[in-house]
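Below: a set of structures, written as structure tokens.
Note that chain A is present in both complexes that follow, paired respectively with chain B and with chain C.
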Partner chain A sequence: MKHFVLFIAVVFLTLFLAVLNRTDNAAPSSSLPTVRVFGYASFTGRWGPGPLLKDLFEKTCKCKVEFIEGSDSGILLQRLKIEGESLGADVVVGLDQFDLSKATAEQPWRKLSLGQLDVYDAVRPALANSYFVPYDWGALTFVARRGELVHMPGSLDDLLAPELAKKIALQDPRTSSPGMQFLYWVIRTKGEEEGFRYLQKLMSQIHSFSPTWSTAYGLFTNKQTKLVYSYVTSPLYHETEEKKKDYLALPFTEALPVQFEFVGIPDFCRHCDLAEQFVNLMLSPEGQKIIMEKNYMFPVMKGVMENTPFAPLMNVKTLQQVEILSATEVDRLLRRWTEIRRGELN
Partner chain B sequence: MLRIGLVLFLIFPFLFLLTQFQVTSWPDMGELIWAFKNSFLQATLSAVFSLVLGFWVALGLLALNSPRTRRLRFVLEVLCLLPNFLPPIFILLSALSVIDPFPMGIAGIVIVHSLMNFGLAAVLLASTIETKLGGIIELAYVEGSSRWRFLRQGLLPMLKKDLWLLGLFIFVICFGSFAVPLIVGGGRGTTVEVLIYEKIRLSSQWGDAVLLAFLQSVFIFSLSFIASRGKGSLHHRPANLRLLGSYSGLMVIGVLSFVYLFGYAQGFVSGLAMISTFYELQSALVWNFLGSIVLGLSVGVLCYGGLMWIAYCWPKKWFERFLNGYVAPSTSLACFCLLILGPNEGLYPFLKIPLALTVLSLNSLFRMGWDSELHALQNQMTVAYSMGASPNQIFREVLFPQLSRRAGLLAGIASIWACGDFAVSRILAHHDLSIAMMTETLMSGYRLNQAIVLSSLIVVAGFICFVICVGGSRVLSRKFAP
Partner chain C sequence: MLVSFFESVKYVGHLLPISFLRIFLGYYYLEHALLKYRGDYLTRPRIADQMAEWLPASHAPNWFKIFASSTMIPNWQTVAFIVLGLEFAIAISYIVGYVVRPVALLGVLLCVTMLFISGPASEDLYKTFLAIHLILAWVGAGRCLGFDYYFYKRRRGLWW
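Let's look at the complex of A and B:
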């Protein structure tokens, strides 16, 4: 009996110690400072730009970079609030324009002094906030499969066509950033009252409001829906990685909404200078190239995208103004959306 | 004292959060009623369909009770239980490939829940029928009763309590289900559990979230008074079950397995074409695989210990009533509670994740037959007690040797659940610690098919943990045999 328990204990302990002491998890050398970067999983994960940026940064910074993950920006902000200060969050990546007011209201942030940035014109309005700087961006539209629809929709009103009944995959604006972008797009384009009337009509066309972009996109790639709300760069992923040319991003007569992803430095950062260097790296040509190629998003800085397959995709008409809605305003719009959704179901 | 300790362990997320957040106002009634209506409707329908399908499939499994067909039956039981252990997103995407158009909303939730739970219901029902009614079925067969007559007048009335209990068990699982309503609800089927998540995630309304979770628990607790306890039996002899066995049940397993395996297989094949992307990640794969094993085994050991803890504290009326009515706290609440509690670096996720998963699954394991096992041993405990045996002696010499195997089986199931978890781990860990988390990271990009390929390792890790838990419990049972 004793031997058995001892055997199990030894096996268990060995496994446990092995996992704890894995190379990428080992405690950083005490002589090197550790820059803690809070980010969402697909940025910090092995297939995201995070690990490459980390390697690049560690080559020169005489420091270690450690990623702290949250599944999305909502969870990330909660995590930051709960343990950001105690853990020493130095950099936060992955907030979009609808998160900024909430982030500012919940945490103190450090002003960024990054000098004159040579960004694309479409990005310039997003530089207005002095606490956060965008590191990538993407225009959102509907993505379809080639040859599947008789009439490809070219405007918001076209989405009401009978051919598309229950065939559109959207994201829930309460839990997904692209979902919120769609809600904002409709309201900005049609005005609030008309926009919500339109949304009421659109409800019957929607297959589902998924909690995340990935679920909605999964429904689309599984051929459950004919359209999905996604990025204009989405077809490029399939072309590059899967060698499939089946997908296309639809041009719309209405100017498309733009999602910016921001990086910021909390006021309680422990290695603030290193954090700023990391932000600079993200905005450097090497950093921007990594982000573009791994995130399948447009870089914000000029001179990176040229002569790449991304360049032609940027020629879409986008909303000119970047509006940073207050947390209360976002909450109010979401409540109205929820009422419509609930009303439609009761 | 030990009983109070266990009760406190199970309700500590509520207690802790109540000390941290004030419940200042009553939540919006319209929203609350809407969510409760959706939760109740989907859970009731899911329980009914799972039971009906499970009963049918159980008859199929009973058709394979000869020594020659044991191995085939084992394979079919694994097929039945598999959807319970795979991440819901895979079951969903597989079902979507076959059921087109897939009805999102309540109907979709019910379909996925039924697909996930029919197998569990079938395996538990088949085992209950064999152990409790094997002899009677054989007698009815010898006496020349027809199948339908025995079903109507013998089996169903005698299994009524067990069916109620099993139905309630599935109802509770579905009522508190989080991932499926969130994904399949498609915005139409917001349940209480999803509402709790939204309260925390969207507007940080922790007070509202705690109140909702409390209301949900009270509701389930009151429901548990409706269903009385079932009686278990530990010993049975092999019986001739030809009267009940039905090969049509096997056909149902075939059809339902096709629904969840076809899409999975399709995705797997597409993902294999891109397997080269995994080459550079071999080391991460190995470490995360070990991470899955560590998490799975930790949960297995904790659940084994928890079940034995319950056995040691048995019997006591109020304690039994509490365990029958108790429902695990909402997943989001339990996770955020542990996130707030203490640091989350280094060793801590390896402690917190198993702890959270144990709090969340111990109650389900109790309802999966642990209560029946304890009831079946109650007479022996009474005799031993009246003959002067101490509680320690009763536990060591009566309970432990007889219960260890069953506890190992249940702990093995919990360890498989743990291997497939990414929701709890994602909140409590700072980076990918397991294959399930790695799979979820892949899914959050465009790489769904590669995620499906990777998820096959979840099944392997789960199987290893299951075998270790079951094997370990058997060794312990033998070593402790008086």
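Let's look at the complex of A and C:
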């Protein structure tokens, strides 16, 4: 017993000293204020718009920008709720319309005073909330590879075709924003009761419900599935970055759901003015261009997308009304979805 | 002590294959612990993210989920430090064969925790490790090609 306790104590003490020594060496020498931006991985990561926005902002703000990374937009809120002020975020990037009620209920936010914004008409309804402002948006649909399916699905009912059994990659609506968008799409299109009956039938068609969009998309690009629920702009990414024209965003007879991504400033922000400047930068023409080109989403501000390959993609039939569901309504829908999923697993 | 280390092969030679498994597992843990130490495991909330991501779908009992959300995620730095410390302890213990039995039980505890907070991709790996730790604890794998033999020879008892 003595040997064991001593051994564990020595290992932990050595590690503690090593970490302490390392932290001291790595301590930043700069006294500049640091704006901490909390966002999902594909925003803050190397390939996302985060690093470019950071460089652009640091040129003028006399401050440093630091990213706090959450793996998916659906997980941001969970961490914000659990960690709260200790997270130290000045700006929260990547909440969608289903998160807003919950975010407002769980956390006090600063009112944003951004003045008159020259946004697209489709975006205008999303400006109703004074605590959050949308910085990009996109329509969601299923993406397939050209020539892989005999019949390309063109409606929700087509997804039940035997050819697609276990070949569809979807996201878990409890943790992923696109997953919630799909659930909402079905409910809005078919009505709640019929929608859940449809989802029950669809369960056998699903390869897996991934916790994040990127995991689901990875299954698709690795050819483990034939369809993935993603953005209408996803094929453009492959065309631009990989010079591959194999991918196709499927047009559906049902109007497609629209996802808005919002940015907000929590009330516990430490550098609130700088945080507001960062939000302004995200809505500036330069910021919007970076977000569009790196996030492969539509910008909210006019005058950025024109004459780019993004412009024609915007002409898809989308759900007209931007509905901000209450937190209890979202929870209720998720509970019903979980029951169906659990029934399927049992 | 060094004589005992090699002498053990003569007297508990039947444990030799298990000792190689023990050393291999120790090396595996050492490699992973060093990777975490040199990387950003202690400075970025990777483990908090992992927990937030997988807990809703985890098979963990409810009390664990509540404990993880209310205590482990907000104190992710402490959790990351403990995980890393345990990995180093398991690595050193298995490689040199010292206090293998109790450390293997810590390994079981670590594997169960990781099983609860990790996704299905690593589930099989942790289940396998769990079985190996249990076997190492059961047979007292430090007695062959390890310093445990020195203490076992003199003191006997369950600890070696």
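We take it that the second predicted complex is superposed on the first by the 302 of 346 C-alpha atoms of A that agree within 3 Å, B and C clash if a C-alpha of one lies under 4 Å from a C-alpha of the other, contacts with A are read in each partner's own complex, and residues count from 1 in each chain.
The criterion applied here is as follows: a residue touches a chain if its C-beta (ideal position, glycine included) is under 8 Å from a C-beta of that chain, and two chains touch if they have at least 3 such contacts.
Bear in mind the structure is a predicted one, so any value in this text is a computation, not a measurement.
Enquirer: In the overlay, answer first, second, both or neither for which of chain B and chain C A:Asp158 touches.
Expert: In the superposition, A:Asp158 touches no partner, neither chain B nor chain C.
Enquirer: Should A:Asp172 be classified as contacting the first partner (chain B), the second (chain C), both, or neither?
Expert: A:Asp172 sits against chain B and chain C alike.
Enquirer: Does the superposition put A:Thr212 against chain B (first), chain C (second), both, or neither?
Expert: both
Enquirer: Chain B or chain C: which reaches more residues on chain A?
Expert: Tallying touched residues of chain A, the top partner is B.
Enquirer: Which partner chains sit in contact with A:Glu242 here, chain B, chain C, both or neither? Use first/second/both/neither.
Expert: A:Glu242: touches chain B, not chain C.
Enquirer: Which partner does A:Glu85 reach: the first (chain B), the second (chain C), both, or neither?
Expert: Neither: A:Glu85 stays clear of chain B and chain C.
Enquirer: Across the two complexes, find the residues of chain A that touch chain B and also touch chain C.
Expert: The answer is residues 1, 4, 8, 12, 15-16, 18-19, 68-69, 71, 75, 78-79, 82-83, 86, 172, 174-175, 211-212 of chain A.
Enquirer: Considering only the defined contacts, which chain A positions touch chain C in the complex?
Expert: Within the complex, chain A contacts chain C at residues 1, 3-4, 7-8, 11-12, 15-16, 18-19, 68-72, 75, 78-79, 82-84, 86, 172, 174-175, 211-212.
Enquirer: Applying the document's contact rule, which stretches of chain A touch chain B when the two form their complex?
Expert: Those in contact with chain B are residues 1, 4, 8, 12, 15-16, 18-20, 22-25, 27, 40-42, 44-48, 66-69, 71, 74-75, 78-79, 81-83, 86-87, 166, 172, 174-175, 206-215, 217-219, 221-224, 234, 237-238, 241-242, 296, 331, 334, 338, 341-342, 345-346.
Enquirer: In their complex, what parts of chain C are in touch with chain A?
Expert: Within the complex, chain C touches chain A at residues 37, 42, 44-45, 48-49, 52-54, 56-57, 69-70, 73-74, 81, 84-85, 88-89, 92-93, 98-99, 102-103, 106, 119, 151, 159.
Enquirer: Within the complex, which stretch of chain B touches chain A?
Expert: Those residues of chain B that touch chain A are 30-31, 34, 89, 93, 96-97, 100-102, 104-105, 182-183, 186-188, 190, 198, 200-204, 263, 274, 277, 281, 283-284, 287, 290-291, 293-294, 297, 301, 336, 339-340, 343-347, 350, 426-427, 429-433, 438, 440-448, 472, 475-476, 479-480.
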